[in-house]
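Shared between the two complexes below is subunit A, which has subunit B as its partner in the first and subunit C in the second.
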Partner chain A sequence: MVASRVPPGMARPVAVSIAPGAILFTVFFLAPFAVLIGSSFASWGGLDFTFTGWDNYQTMVQDPVFWKAVRNTLFYSAVSIVIQVPFGVVVGIILSQKLPGWRTFRTVIFVPFVISGAAYALVYAAFYNSRYGLLNQTLSVVGAGGKDWLYDTSTARSAVAATFAFIIGFTVILVMAEIASIPRELYEAAETDGASLLQQHLRITLPLLRNVIGTCILVRLLGDIGMFDVVFILTSGGPNDSTVTLALYAYRAYLDGAWGYANAVGTTILLIGLILIVTVRRAFRIGERAL
Partner chain B sequence: MLSSFKTADQFTSGSGFWPSPFTDSGYIDAFTQVRLHEYVANTLLYAVGGTTGALTVALLAAYPLARYRFRGSGSITAAFSLALAVPLVGLATPEFFIMRELGLFNSRPGMVIFYAALMFPLSFVVLRSFLASLPPELEEAAHVDGAGYFAILRTIVLPLSRPALATVAVVSFVLIWNEFFFANLLTVSQRNQNVQLALAGFKSQFGSNVTGSLAGATLVMIVPVILFLLLQRQVIAGLTAGATK
Partner chain C sequence: MLALASLGLTVAACSDDATSSGEVVITCAACQQSPTDPFLQYNYEAAQRFNQQFAGTYRIEVQQNQNAGSSPDRLQYYQRLALADDLPDLFQLNSGEIKSLQTTNKLRNFSGDLNADPAWKDTFLPSVFDALSGDDRQIWAIPQQRDAIGMFYNTKLFASAGYAAFPATWAAFEQAAAKLKARGTTALAADGDWATMLIWVNLIGTQPGGKDFLTGELDSGDYSGNAQAVKASETLRAWHNKGWVNSDAFSGDFQDAAAAYLSQSAASVANGPWFVKTTLKSKSAPADLYHDTAYTTAPGWADGERGVIVVTGAGWVSGTQADGDKAKAVTEFAKFISSPAESLKQAQATGANPPVKVETSAIANAGLEPLSTGLAKTVATTKYTYPHVRVYGPAGFGNAWKNLWPAYVKGEIDTHKFLSRLGTDATKQAGAK
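Presenting the complex of A and B:
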């Protein structure tokens, strides 16, 4: 429906109605945003506050650990785009065929999505444990293993990525909802033209999923940029900063009392988020109708 | 390793890997040494309080912005919705600073208010698009009959929004229950911390008490899992609506 003008006499209650939301938004989103940008150009810790121009940003780009954090954050994002989302799309398409038992399977696939990062981290800490962990126990059966997965710089980052790479519930749900809205006639027409099932999905389903795939990538990327709890509990960013993320890097600066510096990193996180949003929305033309 | 959920199950039930006497003690450790139930009480307060607050504030704001067009209504809607796309971890230090200045740092009421704010954008976006799809005739009739704005909101809009409210409530509850980053940032005393921090404590306090931490993890993950299994439709609808609107 088309929104109408505010009827006479309603202006006051409408303003009162929006006020609490506007206050929450101002106090917890707008004001922090202003503090973030402003203090990123300052040396700030506790009571001292002096504007220092671009100093924080200069220190940041000269710190090799910052670049490690950037590379790791991008690595985790890449895992999302290359493994997590495509895997979810394939499973979503398969489940949409409504083979026997698909409901149960959908539930099983979705459950990991509602489990917290902290709980996951503990489960995986036990899984990767070098002496008692299931991974090494299993590997020792075939005579391999013995690695300390989370404390070895060559494996730690991949071990962390493996904890979330296969959590595909979100993508599966969105893909299935979108497929349900595709008219059956499209497939029937393709079938009479002799198209195989695989061809039907490549030519009809995938193009129509463009919007949804873009949305899933976007949501995942926003999660990856803010990735914190799993890394924090599993490795604290180590060994030798090989798993550190931007969020963790900013958090360390905050703990050190270098608030201005932490906020320069925070501004960078927001900026990367903004660039990713604009890029993905453009690439997948999100918002435009698929049909 | 198809799904990590199965791994969790195998770990906690497959006691064959560890000496069996230790398996039960993990759960006892969770309550006696870590006092998990106290963290659970806090988390319930945050999840229920934050969700209720967010839903109330969001419904109040979403209704007029879905119904009426006025100067600034477009920008307000855009601003509230944009907050959903901000990677909030970037705002860590400012949020800490503001909470401290308001006297809300490391306090239970403070965390309830903070979580209400955190869940406000998602609730707003879902509720607004839901309300915009409702026909306005009932409200208009009530208006002609002389009902005031808040009376219409309470007696007509609120009951009609029930399905959308239920959806957002479940998703918001689970998100607050699972929240780690800001709980870690904004609380320091154990008596104000949530279950996710209790889990992190398991790792540092016990060092190598694997069964204890796995028992804790199981207890903490069981709440959202059960909620999801019972209210699967709402969770799915809520996530779909939140992501695509």
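Presenting the complex of A and C:
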């Protein structure tokens, strides 16, 4: 019972202290959350509001574009898990060895992470441009034929994914920070027992990085589930919806004036995010002490 | 006593302008300064001129917002303000957006003002209110401009292929395109959005029955059954596949089409007169390109049936209804901005042509851009005149187009599916349930 822990005479000051935070939390989180969930069961275009039960959800699951959006969103998430995080961990471990020039390299790797998604996407749009883009120009130099990377359904999704697959700055920094906190005695003992550098990292570093790796996967997943800016600027979800994400799909519904439907998609994004959070937290036992 | 006097002065200083000085203040959400948008910049300067002319009586207060110019979010922005009963006294919308916003019943109907002043009403060119009117003869907007859209072409490049002028029919254009291609030149600069749709509309409109589709069936929800739309789509797709269009024509960014024309790798581009002011005279344009550029109506499907799209859609709208003083100020601004003198100033500043009748001598004296005004003069005698696809078509038409057009050109969806989905998506964008 929280109330019983409040010292006598302190109930009022505590309530007054908590009130601003509670009000802000209610107004800016709980209320919008309630609107999101509630309106997802309604036909709402901003002017008219009619509860329609599960209609929005039924329409959503019957729309092939929605399932394209789900597949694409999961694809982008998978790219993060399969390429971005492992690559970041490996680079983080290598940089932790503090070889010559590691500080410069760390800075270079971190820069793409702090650039805004919009600016990043514009750079890649120019890079992929079929007429003057660096990619096709380079390919033509080596005699290879260029492609219309972003506007061909066979390459568009991979081209979009390639723009963020190697943004590893966040993972690298977290991994390096975690490695710095691992007691050196563990490595010295392993070295005394004849363990090679690779064995030391496989048996000591990686297990102790479990929490950090889980956190990186979680953060990337949450980012990818709501991916919007890069895709919006590069392809607007096209061609033929081959790059559309759930967030972009919801945005289109919002532009269509179908706010209730857009919120049903938003609720679905929320549910998928919650499922992934719980799954990853359990898989990596995030929160439990690794050492 | 001193404290009371101070309090009185403070209260007086903080009181509403309208009550303290008799000056009526109205808000404008499309009058902000812009270093990149010549139309917004013109609006800003016009508002300053209005403030100067009506100093002490009316004053426009500029509202800064991210949706002042044309953007996909503009309609949503004003819908939210309408919901909050907080629409600005002055702002701008295109007719697609007006169609949606009129359902809020928060827009001012200008028909009373115009009917009360027949002389003012008579200054407007015929049919400029067509795309701005409601079902019951309401007039929701005072047009900002009336432009004809046709083709800019590079006379040197066409001359190199043996053409002294732009071809008069689409069939002749195709022959020219093949010759230009053989000489390593792209015939047409397109962008996958604006410029591409202008050509698509021209290809539809210059066929018998095409105008009916553009003014009627464009709202139908399925275009696949329309013969003119099918023919236009397949023709334009074929041009892409034959390499007559720039290879980066799918980006949805007009700068890609403009760059192709400015770099003289493309011989023509579809656009309106503002192309001259905003692109052809920009720093990135070669100095001699202006002199090598000519402006013409677009070809037709048969000889002598050239086509041109006339833009009459965008206009000044108002959220002011009940407040009599503000309504008077809004009407006064509408008269000011649509006066022949102010229209000519806009033409000079932006390259756009006015929605009002202006004496030929006044046009000559204004020293307007010849490339920009050339087509406007020929519109009256052009056999086909068609409305703008975004004006009569659903708002946000471009989003569906940008999504489907690349896949259609590359053969990933067929004509029926393309037009069917284009129509359905575009109608959804217009807010149809």
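Definition applied: the second predicted complex is superposed on the first by the 270 of 291 C-alpha atoms of A that agree within 3 Å, B and C clash if a C-alpha of one lies under 4 Å from a C-alpha of the other, contacts with A are read in each partner's own complex, and residues count from 1 in each chain.
Following the convention adopted for this analysis, a residue touches a chain if its C-beta (ideal position, glycine included) is under 8 Å from a C-beta of that chain, and two chains touch if they have at least 3 such contacts.
These numbers were taken from a predicted model, which means no experiment stands behind them.
*Asks:* Examine A:78 and indicate which partner it touches, taking first as subunit B and second as subunit C; both and neither are also allowed.
*Replies:* neither
*Asks:* Now for A:197: first (subunit B), second (subunit C), both, or neither, which partner does it touch?
*Replies:* In the superposition, A:197 touches no partner, neither subunit B nor subunit C.
*Asks:* May I ask you to decide whether A:240 touches subunit B, subunit C, both, or neither, giving the answer as first, second, both or neither?
*Replies:* In the superposed model, A:240 contacts subunit C only, not subunit B.
*Asks:* Can A:43 be said to touch subunit B (first), subunit C (second), both, or neither?
*Replies:* So A:43 only meets subunit C here.
*Asks:* Looking at the overlay, what does A:151 touch: subunit B (first), subunit C (second), both, or neither?
*Replies:* Second partner only.
*Asks:* Which partner does A:254 reach: the first (subunit B), the second (subunit C), both, or neither?
*Replies:* both
*Asks:* Is A:129 in contact with subunit B, with subunit C, with both, or with neither (first, second, both, neither)?
*Replies:* A:129 contacts both subunit B and subunit C.
*Asks:* So which one touches more of the residues on subunit A, subunit B or subunit C?
*Replies:* Of subunit B and subunit C, B contacts more residues of subunit A.
*Asks:* Figure out whether A:6 sits in contact with subunit B (first) or subunit C (second), or with both, or with neither.
*Replies:* After superposing on A, A:6 lies in contact with subunit B but is clear of subunit C.
*Asks:* Shared contact residues on subunit A, subunit B side and subunit C side combined as an intersection?
*Replies:* 125, 129, 132, 254
*Asks:* Over in the complex, which subunit A residues touch subunit C? Could you list them?
*Replies:* Going by the criterion above, the answer is residues 43, 45-47, 125, 129-132, 148, 150-153, 236-242, 252, 254-258.
*Asks:* Touching subunit A in the complex: which residues of subunit C?
*Replies:* Those in contact with subunit A are residues 72-73, 76, 79-80, 83, 100, 103-104, 192, 246-248, 250-252, 256, 260, 396, 399, 402-407, 410, 412-413, 428-429, 431, 433.
*Asks:* Please give the residue numbers of subunit A that touch subunit B in the complex, ascending.
*Replies:* Residue list for subunit A touching subunit B: 1, 3-7, 10-11, 13-14, 17-18, 20-22, 24-25, 27-33, 35-36, 39, 107-112, 114-127, 129, 132, 134, 137, 162-163, 166-167, 170, 173-174, 177, 211-212, 215-216, 219, 222, 225-226, 228-229, 232-233, 247, 250-251, 254, 259, 262-263, 265-270, 273, 277.
*Asks:* Going by the contact rule at the top, pick out the subunit B residues touching subunit A in the complex.
*Replies:* Contact set of subunit B toward subunit A: 1-5, 7-8, 10-11, 17-18, 56-58, 60-61, 63-70, 73, 76, 79-80, 83, 85-98, 102, 114, 116-118, 120-121, 124, 132-133, 135-136, 143, 148-150, 153, 174, 177-178, 180-181, 184-185, 196-197, 199-200, 202-203, 210, 213-214, 216-218, 220-221, 224-225, 227-229, 232, 235-236, 239-240, 243-244.
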